[in-house]
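Right, one structure below, let's go through it.
In order of appearance the chains are A, B and C, and numbering begins at 1 in each one.
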Amino acid sequence: MNTNEINLSNSGLILSKIVHGMMRLNTWNYTKKELLKLIEKDIDIGVTTFDHADIYGNYTCEKIFGEVLKDKKDLRRRIQIITKCGIVLSKKNHIKYYDTSKEHIIKSVETSLKNLNTDYIDLLLIHRPDPLMNPNKVAEAFNELKRDGKVLHFGVSNFTSQQFKMIESRLNFPLITNQIEVSPYNLSNFKNDEINFLMKKRVNPMAWSPNAGGLLFKPNDEKSKKLNNVLNEVAKELNLNSIDKVIYAWILNHPAGILPIIGSGKVERLKIAIDSLNIKLTKEQWFKIYTTSLGHNVY
Amino acid sequence: MNTNEINLSNSGLILSKIVHGMMRLNTWNYTKKELLKLIEKDIDIGVTTFDHADIYGNYTCEKIFGEVLKDKKDLRRRIQIITKCGIVLSKKNHIKYYDTSKEHIIKSVETSLKNLNTDYIDLLLIHRPDPLMNPNKVAEAFNELKRDGKVLHFGVSNFTSQQFKMIESRLNFPLITNQIEVSPYNLSNFKNDEINFLMKKRVNPMAWSPNAGGLLFKPNDEKSKKLNNVLNEVAKELNLNSIDKVIYAWILNHPAGILPIIGSGKVERLKIAIDSLNIKLTKEQWFKIYTTSLGHNVY
Amino acid sequence: MNTNEINLSNSGLILSKIVHGMMRLNTWNYTKKELLKLIEKDIDIGVTTFDHADIYGNYTCEKIFGEVLKDKKDLRRRIQIITKCGIVLSKKNHIKYYDTSKEHIIKSVETSLKNLNTDYIDLLLIHRPDPLMNPNKVAEAFNELKRDGKVLHFGVSNFTSQQFKMIESRLNFPLITNQIEVSPYNLSNFKNDEINFLMKKRVNPMAWSPNAGGLLFKPNDEKSKKLNNVLNEVAKELNLNSIDKVIYAWILNHPAGILPIIGSGKVERLKIAIDSLNIKLTKEQWFKIYTTSLGHNVY
């Protein structure tokens, strides 16, 4: 394991500390060759983990990615694939409802395997906490998928601690991540104690929208403007030429061991995140960003 | 155990899945003979569990019910009685304070036994989470009542998960229900994760006010009007002649195994609930009701 | 152990049930002789526990207190010292950030020992839940301080239940208090279930600002005015000549076993708190104060 890698929640699953998000893969308009090149560049700089979901790109992203794997069978062993299930989209690409039934989970994974041209998923997540979720049925699906080698590890996304504990109570193995929103702009998972819950359980969170969907670069409200200023100040103090690295370092400096998911189609952006692994903020810098986001000092 | 029954939280206590609420028994103005007839009709259709509280009808409902039991001793074994304690009313029938002292709990149960003309309560609940509650004293009362055979099983009502765990931590036996507000109109116990907590513990909730105190039939705010429309749409889709069955099915379809409490004096209303046990909503229908109540789509 | 004392959370640490808060010691302008007299009077009336923090008086209070201990070595064994660490002040006496690193905790305690002229702290608290807190590092610091006999017991302050559990999960010994805000005016730790969490764990809370920083004596908003009226009513009912005793009795009557921290420089105020240990409110009185603070009846 090199310094760019993490043994996720001590599960044995080695991921890159920076995860490449595939949510908008369909919009990058890459040829198969270009996408292969992107993946290989990712691997070169130390990004080997790719985050998918059945529904990304209105059910198209996994397929686009899988086209590359089809021709390059050796590539599969050099990367780790995360995917998700549990949301059902309407034909208009809106969320209709959640489905965490045993049948849906298994069917969704089988479709993912086919689309991705692989025979295993490294890490499967339930995409959202379904209010109609039956933990017994989720466990049955997970057990069957694990037994058949179709999925190696399991986690959740956007779950509260109570929901996390409910699912885990039915399993003989631990859930190894909760993919949640974390950014200097969005402190909700600090405020609701979810990050502390995961630290208590020694579970590494993954952070979606680590730069608040671009808002921290193009601020459009008072909070994002103030944050943008402070991020620039800190960047200057650290002799960094852009605030991206400050944002990622702010997340990476947290002791929970958070893996940011970077959803860009440009390897340069991933390289920025990788470089951030070596940046150390002072406590004063970290708190300046935190309290600016809070809107008040700690007291 | 027939299909109308449930082994509550795997405790061995068999209840009917539909519970008949006695909160307004005093207002129905039934003669003893009429009340007996109601109870027997209930049993005929599969409703054998009756939900009381010491304070219902300003301390009168248990007594009215007990008058019937006095003359029909065999009836007692064919039904299950839930009652509650912990609220103290003023003479004006307002809540003055809570009392969950050992003395009050035991005295309240002894009065309930006398009023109900029975020598045991199937299930005793603490009515509200008392901020002055001493879990050690509650446990002492429960232990004594259990030892003496005066109460067979114990639970709580309107408790948070933390309060539930606090009481249970002092007992050698589990609490077997939390009676909480659940309806298509009131999602509070979804939002605060209480239902997930109970599912995690494999405890069956009971739902009070399952039709939001009649508001879903006679809507008087925007939310209830929208819900009434959606409930009517779903009723139409399912070829049901009223929305009651949709409401109960919405609750009964949830995997937590929720027992709705129906507070009507008319057996026909209970029959509607019993019939709802066989109705299956699609996920799309269930979520349409849920998101209408939320006021926004799931995301 | 006399009736003024408590075995804190059954840890073996005997404290006085009334704790003398040293936050404003620097403003009392006592000579060393006067301060010694105050401490001896405290001991005479049954107040033996003194609550400090590294930062009190902009890092001066421990030193002022320690000057007295230097000359009276026998005094140390007759009192118990609580102190705290984890907040870093700027030169302008504002909170800059939190620091719960191993290095900071150990260094802070070593400074406290030196300032206080003692070789052990009875009870060390982390002053605030630091969002950058690494529970492993806090545990390493605690273990080292315990091993070296520099700190006998550990707790936290202003922590949520999740944060409490996170720290405790890394320790081989329990945390024995959470110092939180509790007063008839401030019910936040009732509402957020923290007091129930601590009762479940059999941990005694300490209450800071038990009289809401004096607001209950000099009310200046509608809530404090209403509370002041009700506190006076209850004082009258109990034939008490001031509302202080009602306030302390309201806290002391709670089954969680809460230790109020009194921050006054006058021993007479401490005596009032000690006298309150014997006052019993009726449930009706307790709830009248509680519901006045809530702003509505319990329901």
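As a working rule, a contact is a pair of C-beta atoms (placed from the backbone, for glycine too) under 8 Å apart; a residue touches a chain by one contact, two chains touch by 3 or more.
To keep track of the chains, here are their UniProt names: A, B, C = Oxidoreductase.
For clarity, every value in this text was computed on a predicted model and none was experimentally measured.
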* Count the residue numbers both chain B (Oxidoreductase) and chain C (Oxidoreductase) use at their shared interface, divide by all numbers used there, and answer same if that is over half, different if under half. => different
* Structure fact -> The assertion on chain A (Oxidoreductase)/chain B (Oxidoreductase) checks that the Cα superposition rotation, as a multiple of 5 degrees, is 120
* To do: Could you put a whole-Å number on the gap between the CA centroids of chain B (Oxidoreductase) and chain C (Oxidoreductase)?
  => 42
* Where in chain A (Oxidoreductase) do residues touch two or more other chains at once? -> none
* Mind listing the chain B (Oxidoreductase) positions that touch chain C (Oxidoreductase) in their complex? => 88, 94-99, 101, 128-129, 131-137, 160, 162-163, 165-166, 169
* In their shared complex, at which residues does chain C (Oxidoreductase) touch chain B (Oxidoreductase)? -> 161, 190, 193, 196-197, 199-200, 253-255, 283-284, 286-287, 290, 297-299
